[in-house]
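Okay, structure first, notes after.
Order as written gives the chain letters A, B, C and D; numbering starts at 1 within each chain.
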Amino acid sequence: MPLTREQIAARAAQELRDGYYVNLGIGMPTLVANYVPKGIDVIFQSENGMLGIGSYPTEAEIDPDLINAGKETVTEIKGTSYFSSADSFAMIRGGHIDIAILGAMEVSEQGDIANWTIPGKVLKGMGGAMDLVSGAKRVIVAMEQVARDGSKKLLKECRLPLTGKKCVNTVMSELAVIDITPQGLLLREIAPGVTPDDVQKVTEPKLRISPELRTIKI
Amino acid sequence: MPLTREQIAARAAQELRDGYYVNLGIGMPTLVANYVPKGIDVIFQSENGMLGIGSYPTEAEIDPDLINAGKETVTEIKGTSYFSSADSFAMIRGGHIDIAILGAMEVSEQGDIANWTIPGKVLKGMGGAMDLVSGAKRVIVAMEQVARDGSKKLLKECRLPLTGKKCVNTVMSELAVIDITPQGLLLREIAPGVTPDDVQKVTEPKLRISPELRTIKI
Amino acid sequence: MNKVVANADEAIRDLQDGAVIMSGGFGLCGNPENLIRAIHRKGVKNLTIISNNCGTTDKGLGILLQTRQVRKMISSYVGENKEFERQFLAGELEVELNPQGTLAERIRAGGAGLGGFFTPTGAGTQIAQGKESRVIEGREMIFEKPLKADYAIVRAWKGDRWGNLVFRKTARNFSPMMCTAARITVAEVEHLVEVGELDPDQVHVPSVYVNRIFQGTSYEKPIEKRTVRKG
Amino acid sequence: MNKVVANADEAIRDLQDGAVIMSGGFGLCGNPENLIRAIHRKGVKNLTIISNNCGTTDKGLGILLQTRQVRKMISSYVGENKEFERQFLAGELEVELNPQGTLAERIRAGGAGLGGFFTPTGAGTQIAQGKESRVIEGREMIFEKPLKADYAIVRAWKGDRWGNLVFRKTARNFSPMMCTAARITVAEVEHLVEVGELDPDQVHVPSVYVNRIFQGTSYEKPIEKRTVRKG
């Protein structure tokens, strides 16, 4: 059975280790914060200038000077620090963030990612996405395998304008955990009741199957 | 009569205006702080990361964490701020310092300056001198006209390794105030009892004499 | 030394048509609300605005779009603004998009006297088009140029009469760099204090960068996404 | 998450011959005294030290010269040290001089993931020799490359157990950038505090940059030029 969005987030959270500094993109990746394994300290960075994001505030705690990069009101934790945008992206670009978990519209088997614009549609801008994909030590994409229009999202080459080249390390979808390796896509884990063939059907490039292929456990 | 070192510093201090941010080099330029005109606020920067240098401390006030770029113990004033070396030189390089007053071994009529090394002598390093001469809005050199060995210091071309090219605006010596202009050296002020010819004798390039030549007043 | 002015209108008294203005703020957080309102009142036109975003349809910098005062935006993210979209699609508004970190770093470079820098961000994307690129230590990098402005407008939490500034939480964002990169920097502060009241170790923007300062009034501090948990 | 180590010796347990080390401090101000002593005790050799100065003949980093542990210095000013001079003239010590602002900016670039930058500092001087140069907006500028290190050693005033650091007065100098540019950053602090005790708006180095932290002891804090006025 394919994973739910919550389950994809929970699987992604299994990659977190004690002492990791992590940046979560908006949408599904934000849910990852709810599944941090017990007993470890994981510190979330927000590219608008904050390290150590807490939970959403109560009504009484709301502070308009305290938002995350998605412009949501948040809180601080013990150990939080604030800094300027230049310092924040020095941190990101300089390789100090252990993992960035992001959504994507397309990912290629080379690890290229497209997640910032669709030509002819509304102009929004890339925000911090290009910096994050090129700067984080490890980039995990959490996304569904197929777009709403039925088209595949894991491709031989991205068709949309790129956010970054050769930067995605792993894709986590409702069906599988797939590593991007120099030899192409490697199917490492698979959702319960799903076959490698099911995954291949919604994946454009040829999947290699890991000899240690295992079932995703949440 | 030639000016004393204290008088050269006092003359240089006449260039200071209310609200100026100023960096003083070690040696004679340090004395300029003693002659700030009454009633104005001049803020001294120290390139090791301080804006708003106060006087030397009393014995009781000495703080090893509070020194100027010459490694002398100093104090802070109301309105002082501290910052990192990168931020300090961003301030200097970015043209935010109104005047730098420095000593020099040689200055050329193009405004080149040499004040950091003598080949074959002790290796010391340029410290912040290259940044200061290229970054300050205005560079004033306070120096004597002639070196201890009798050689001229205001030259057609510097012979020593340069600290910076085309960066000195004005030279203040024991004999004169000389502007460096696109047309060469312009004698603007002269010490009491000194003639333009006296200045020319110790100056290698040809001096032009300002139509408004006046006597230095301290 | 007196940098204190009475209000936002006096602070931008010499602002003219065609000026390049950097504005601090991330979305509607940390906006110089008094100064944006004063620019709106003054009605100057053909402005180039450098700011991470362009407010929302009716808040923040968005109000300058309504009155068609903006010719060009240099930003990283301009969603959440219908009027922006309309003017852009109609060819009435020029837009230059920069990756957010590149935008921040270009402003810092402008203030720090650097001639530009190589960054891996955007290499191999359409952001790299027309830019010099080279491989440095095995990574493709592109050359980005410094940004400067005629005016920077920022809002700080506290500021003293010399212009030393302290920001609060994520309202800091782009403001510290912008203060360094403009010919005239104007700071509105929530609390104007006497010189000597701020801890020198904890000043975010040293006074040298601020030309004019005043205490702002009537802060609205709108919230874009009011996300709450149960108390 | 536990970054706290017992002492300086434990903090540099894996330091090896040939390592590149950045050391905070300006002259003898802000030196990581415990860590310098531990490197001295450990006796590792062929070190490359990146630091604005090299201490004095018998203080600060100077003690590592006495024991011939240093192969190369990358600095801006190395006066005040007779042993340094002797080793340099004898060809025993390699020296790379950088303008102070260029040194600071190269370290920042290393930590910030930039590939290098153009600066006007040093253009037309011997510092420019062998470096790419170009005219940018009418000024000659030279290209400078980022600096990185295996270890950064710094001393802060306060630090919490996660590694958030606060510096005091001019003891800050190069330390914040160095923390960002090393594979392993070790901070010794005068006051080790609990997580949550530092004001988040006033942290100079966020915890992400610090790998190991401990409370230093026996600070000597020598003064190079004791200048006083009458009280």
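Going forward, contacts are C-beta pairs under 8 Å (C-beta built on N, C-alpha and C of every residue); 3 or more make two chains touch, one makes a residue touch a chain.
Given the structure is predicted, the values throughout are model-derived calculations rather than measurements.
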If a chain touches subunit A and subunit B alike, it appears here: C, D
Size of the rotation, in steps of 5 degrees, that lays the CA trace of subunit C over subunit D: 180
Which of B-D and B-C has more C-beta contact pairs: B-D
Rounded Å distance between subunit A and subunit D, as computed from the means of their C-alpha atoms: 35
Geometric centre distance via CA averages, subunit D-subunit C, whole Å: 33
Computed distance of Cα centres, subunit D from subunit B, in Å: 29
Multi-chain contact residues (two or more partners), subunit A: 76, 82-83, 89-90, 92-93, 135
Residues of subunit D engaged with two or more neighbouring chains: 105, 108, 112-114, 119-120, 167-169, 172, 200-201
Touch-based graph of the chains, sorted into line, ring, star, complete or other: other
Inter-chain touch pairs (all): A-C, A-D, B-C, B-D, C-D
Residue ranges of subunit D touching subunit B (in the complex, touch as defined): 26-30, 52, 75-79, 85, 88, 95, 97, 99-105, 107-108, 119-127, 140, 157, 167-177, 204, 221-231
Residues of subunit D that touch subunit A when the two form their complex: 1, 3, 108, 110-114, 160, 162, 164, 180-181, 195-196, 198, 200-201, 203, 206-209
Subunit C-touching residues of subunit B, taken from the complex the two chains share: 18-19, 21, 40-41, 43, 45, 51-52, 76, 78-83, 89-97, 135
In the complex with subunit D, residue positions of subunit C that touch it: 105, 109, 112-120, 134, 136-137, 139, 141, 166-169, 172, 199-202
Residues of subunit A that touch subunit C when the two form their complex: 46-50, 55-60, 62-74, 76, 82-86, 88-90, 92-93, 112, 122-131, 134-135, 161-166
